[in-house]
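Here is the structure we will look at.
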Amino acid sequence: MLIVLGLETPRLDVDNIINKIEKLGCTPHEIPGVSKLAIGITGPTDTLNEEDFNLMPSVQEVVRITKKYKLVSRQMKFDDTLINVGENVIGGKELFICAGPCSVESRDQIFEIAGILKELGIKYLRAGAYKPRSSPYAFQGLKEKGLEYLDEVKKVFGLKIVTEVLNSVSLPAVAEVADILQIGARNMQNYSLIVEAGQYQKPILLKRGMSATVEDLLLSAEYILAQNNYNVILCERGIRTFETSTRNTLDLNAVPVIKKNSHLPIIVDPSHGVGIWDKVPAMAMASIAAGADGLILEVHHKPSEALSDGYQSLTPEQFKLLLNKLKELAPVVGREIKL
Amino acid sequence: MLIVLGLETPRLDVDNIINKIEKLGCTPHEIPGVSKLAIGITGPTDTLNEEDFNLMPSVQEVVRITKKYKLVSRQMKFDDTLINVGENVIGGKELFICAGPCSVESRDQIFEIAGILKELGIKYLRAGAYKPRSSPYAFQGLKEKGLEYLDEVKKVFGLKIVTEVLNSVSLPAVAEVADILQIGARNMQNYSLIVEAGQYQKPILLKRGMSATVEDLLLSAEYILAQNNYNVILCERGIRTFETSTRNTLDLNAVPVIKKNSHLPIIVDPSHGVGIWDKVPAMAMASIAAGADGLILEVHHKPSEALSDGYQSLTPEQFKLLLNKLKELAPVVGREIKL
Amino acid sequence: MLIVLGLETPRLDVDNIINKIEKLGCTPHEIPGVSKLAIGITGPTDTLNEEDFNLMPSVQEVVRITKKYKLVSRQMKFDDTLINVGENVIGGKELFICAGPCSVESRDQIFEIAGILKELGIKYLRAGAYKPRSSPYAFQGLKEKGLEYLDEVKKVFGLKIVTEVLNSVSLPAVAEVADILQIGARNMQNYSLIVEAGQYQKPILLKRGMSATVEDLLLSAEYILAQNNYNVILCERGIRTFETSTRNTLDLNAVPVIKKNSHLPIIVDPSHGVGIWDKVPAMAMASIAAGADGLILEVHHKPSEALSDGYQSLTPEQFKLLLNKLKELAPVVGREIKL
Amino acid sequence: MLIVLGLETPRLDVDNIINKIEKLGCTPHEIPGVSKLAIGITGPTDTLNEEDFNLMPSVQEVVRITKKYKLVSRQMKFDDTLINVGENVIGGKELFICAGPCSVESRDQIFEIAGILKELGIKYLRAGAYKPRSSPYAFQGLKEKGLEYLDEVKKVFGLKIVTEVLNSVSLPAVAEVADILQIGARNMQNYSLIVEAGQYQKPILLKRGMSATVEDLLLSAEYILAQNNYNVILCERGIRTFETSTRNTLDLNAVPVIKKNSHLPIIVDPSHGVGIWDKVPAMAMASIAAGADGLILEVHHKPSEALSDGYQSLTPEQFKLLLNKLKELAPVVGREIKL
């Protein structure tokens, strides 16, 4: 349920409403908007009555939220959510472009790639220190050592770090280095981890699970917002279907669906989505044309020697060509790329 | 197998090669290209030997085609296939834009919509006279009457007609009116119909089946090319997955995959692909950004009164807005829209 | 809509109801049951009123059918449909067991296999004369010659023939030989063919399409029943999913779902369903345990030399072992196998 | 890689081989079988040479394991793995039958159901104290309180407890009560949790993820075996497909596929697999007929009042009827049910 108030509502009225919600056993969430102030209510709202609030001072409207997800829905919060990462903003006019290798492989490798990306004007570096792998015998990442290198790179180049957290044991260490904490597709429904990660109040990049519906993804995000961390970036990265000509089926339809139903930013990972480097530029362009707020892309200076996912990585040259095309495309859909 | 010759090869040499292929029990296909002449070979090519042809006069190269599909593959024919429809060309720089209602509902309706589209500069009208419907009790189209109205519209407005053929009984009548014969998703593996339709030597718009892989689609197209009709336009229109927030999952990944593996034009039908009108413009833009050669879109002047698929139809106003955005987008991907 | 009458209703009353239905622009279907007579109504039933019939003589009840499919639903006809094929009955206590090669490959081959099956007491022989193949270059069946051999085998061994019809051109010839006309998965939504085949009033074996929901399958069957041919045998044969360890995902859940929602018999094809011979016996057993009315199985005397689908065929020895297990299983689920 | 030795091999020879493997940087795993002793090797086996071991004393054979999974494969260990739970054995002739409510809802509820199951001779009780739910607002289980009740029930009725663990924080408490630790479908690729749970050396019930292939499931199990805990019970519980008439698509094909490729027991959860109680008995029967080693079923004394998943729960009466049918079925597939 949602209580809509004017922006200029006296604090006393707001507090009265909040107190009443709590007395009725529910949880209030203040949601400031551009033209309205809203108070979202979660919990056992079935027991609430519109009339309980309708006649209270300053209340303009009381709205039932019909979706299963509440705080992430656009019914609850009409304005797009903007997420600040240092001086940068995600979800606004400027597109979010994040690039880097699948994993940190060595100090040299990550410095090499970070240097190239910095040169290109990129602000966000992606690279995994901890890698979830289907096989226990596959390369699992450099772990603590990888975090150390990321921290160095961050200081040397001033890049914002986007890196995945796999479990609660390593969460504090990852959170110290990461500017954006990534929850991978395999952990999208690992609610314990999501909730713990969300408590750091850092932006969370939440990847859609391979068999998750858009609704499932939004419900997972709801777990984070329900703890009053609104800094969630959703990420489409391909779903599992019968088609075998691509690694996954990148589901760009999710972009307009999410834009309609939620105020959260949605970005796309075409590298994992199609899984073959030569189709990545086409799908990166398509993502932005579909309305995505940004891209996360795998870039490696020597893809054929990468320890993981080399076949889906762009070389710096290919990435540069793509960036140029994206810069032309952005204004067509009312966006911009600042490099 | 593919025999590559120079463009200036004497006819006698070509004929000798063709004769030899036929003597060996296979079928030759002459494939003229921009810089080379090729002779594709289908049939029991396992029994052929590269050496049988390598030393023949004018032969520059003999290539084994590794894909299951042969004539549709880019290995067999490197240059993009251009399809002429009257004075228009599909598959070249100009994007193919086809619009119209799901079905012909009345003389008034189709004249109304055709007039609007003509006004907008659209060259291709889509509308079904025969409709395949899951339920025998749903509206099945105006049939012969619908064809009659399409024929009138064609003459009055000079629009090219794209319409679906459902079976061999009505094929001759449909082929008389249609400039492009559409094979629907449900009939993509109805090989008898495909082969018969292909014999008319008219362009065939072949829609991907709901559970067809890209390879399946290309193999179906191969049935048509194998009869020496190269005028096939492939169409992505959504596949079946677990996701329920869209009617189908429009698989734009198919666009770069097909562009790499085949020389045939590939267009996209976002109306059926997502099935909800307000997501159609985003996915139409994404289709062109992904490299598609065109779009087929449902446009209806009164969507809420449409006898079929109204919820996925754009109004003329929405369509016009989309066209304007597409015109801005086209040059970014090296294309143009002429209206 | 469904009008329920007593079994002993005077003919005059029945005719009055039928006349009224027709006058109201709908189509009546007399459906005799074990304890009741029912008159199903299809067409624009939205315009009908329960009261129009409620007070007519002999009418016991008027029921709205809520499913999209009508005549195939168990709401419309409560008793299981029994289908007679000569002296045999499909859908009753006795399980339907149909076996044979994927395709007729030669006179010798089909006589060899038919002889073995006859020896084992099998009553139904399956074998394709016309084969739908993804590739135009794959073996497409012996066609007319194949039908000829099937006709001989039928006369010599007295086996009932189950064979696929691919198009309307060959339908008359196929219908002359077939005791049961098979519509393959790829043609499940080729409504023109289904309707034409249904008009022969022979039993139709309707295979579920690779991406068809159970509802889609029942709606396709509805096309046949709507022409007053109730002799439809549904067949589950695997759907397309992301799983690659089996050729298709045999969806046995469809068996109890269909048993609940329809009165039509449902059989299973585990050979196509899993696509690897050594998993076929387990899934054949599972099919019967799930409540299926029978099985259609690929059996070949020399699987490794089969022209199509050899890897999913059982040898006669393997088939015999399976039959013995099935005979033990049948009484556990209230069925029997008579050989 | 696998080194095969005779059962009577002198310890010295075994130790020599183990030392050599370790010296070469790999990990040895002793796998005792019925007629042979095997030493599995995992790690960087690409660097190993068959000849390194072929000539060592007592070595009978050296085998390359071609599957991505090693220790779980039947190539590595031919005999079925038997798992002891107190005096009971899982994976042998006796079928594993585990029943109970989706979640512990109250002390009364779990005592009521446990009493009924005990009465029926059931040995394993399933019930969740911690429930993973798509929505943060849905009932998440009684948590510690739930574990407490389960512990009481265990002592009072002597039932073995099967319950899910959701995260590492609650793992120690859950492991204290559980006789079998359940890893749910959403956590199948939460490798951190799997590895930690595996270290308790208790049997692990590992449920297949909704979009996991059979290979993915076996690779997840490999994580546990790689730590020398061989007590893993695999569980098929339905995958995500386009079909909507069932909650999930229970993929029974996984049973014979896993039986062929792995030595681990595989059971089926038809309650979650189909998600509608009236289809559960048919699919339970089908599971056993397909060769499954057991079943895990939801049983609730008042399904309509259940706090979660009531629509897929059997009543005690329905469960009793099913048990009787299963008892008849078991001997047909060489199994037995002891109650």
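Per-chain numbering from 1; labels A, B, C and D assigned in written order.
In the analysis below, a contact is a pair of C-beta atoms (placed from the backbone, for glycine too) under 8 Å apart; a residue touches a chain by one contact, two chains touch by 3 or more.
The structure displayed is predicted, hence computed values, not measured ones.
Trainee: Sort the other chains by how far their Cα centres are from that of subunit D and give me the top one.
Mentor: Max centre-to-centre separation from subunit D belongs to B.
Trainee: Averaging only over C-alpha atoms, locate the centres of subunit A and subunit B and give their separation in whole Å.
Mentor: Once rounded, the distance between the two centres reads 37 Å.
Trainee: Going through subunit B residue by residue, note those that touch at least 2 other chains and give them in order.
Mentor: Where subunit B meets two or more other chains at a single residue, that happens at 211, 215, 239-242, 244.
Trainee: Classify the inter-chain contact topology: is it line, ring, star, complete, or other?
Mentor: Contact pattern: complete, every chain touching every other.
Trainee: Per the contact definition, I'd like the list of subunit A residues that touch subunit C in the complex.
Mentor: It is residues 240-242, 244 of subunit A that touch subunit C.
Trainee: Which of the residues in subunit A end up touching subunit B in this complex?
Mentor: Residues 211, 213-215, 239, 241-246, 249-257, 259-260, 273-274, 278-279, 282-283, 285-291, 325, 328-329, 332-333.
Trainee: Subunit A touches which residues of subunit D in the complex?
Mentor: Residue positions touching the partner: 42-43, 68-70, 132-137, 166-169, 186-187, 189-193, 209-211, 215-216, 219-220, 222-223, 226, 239-240.
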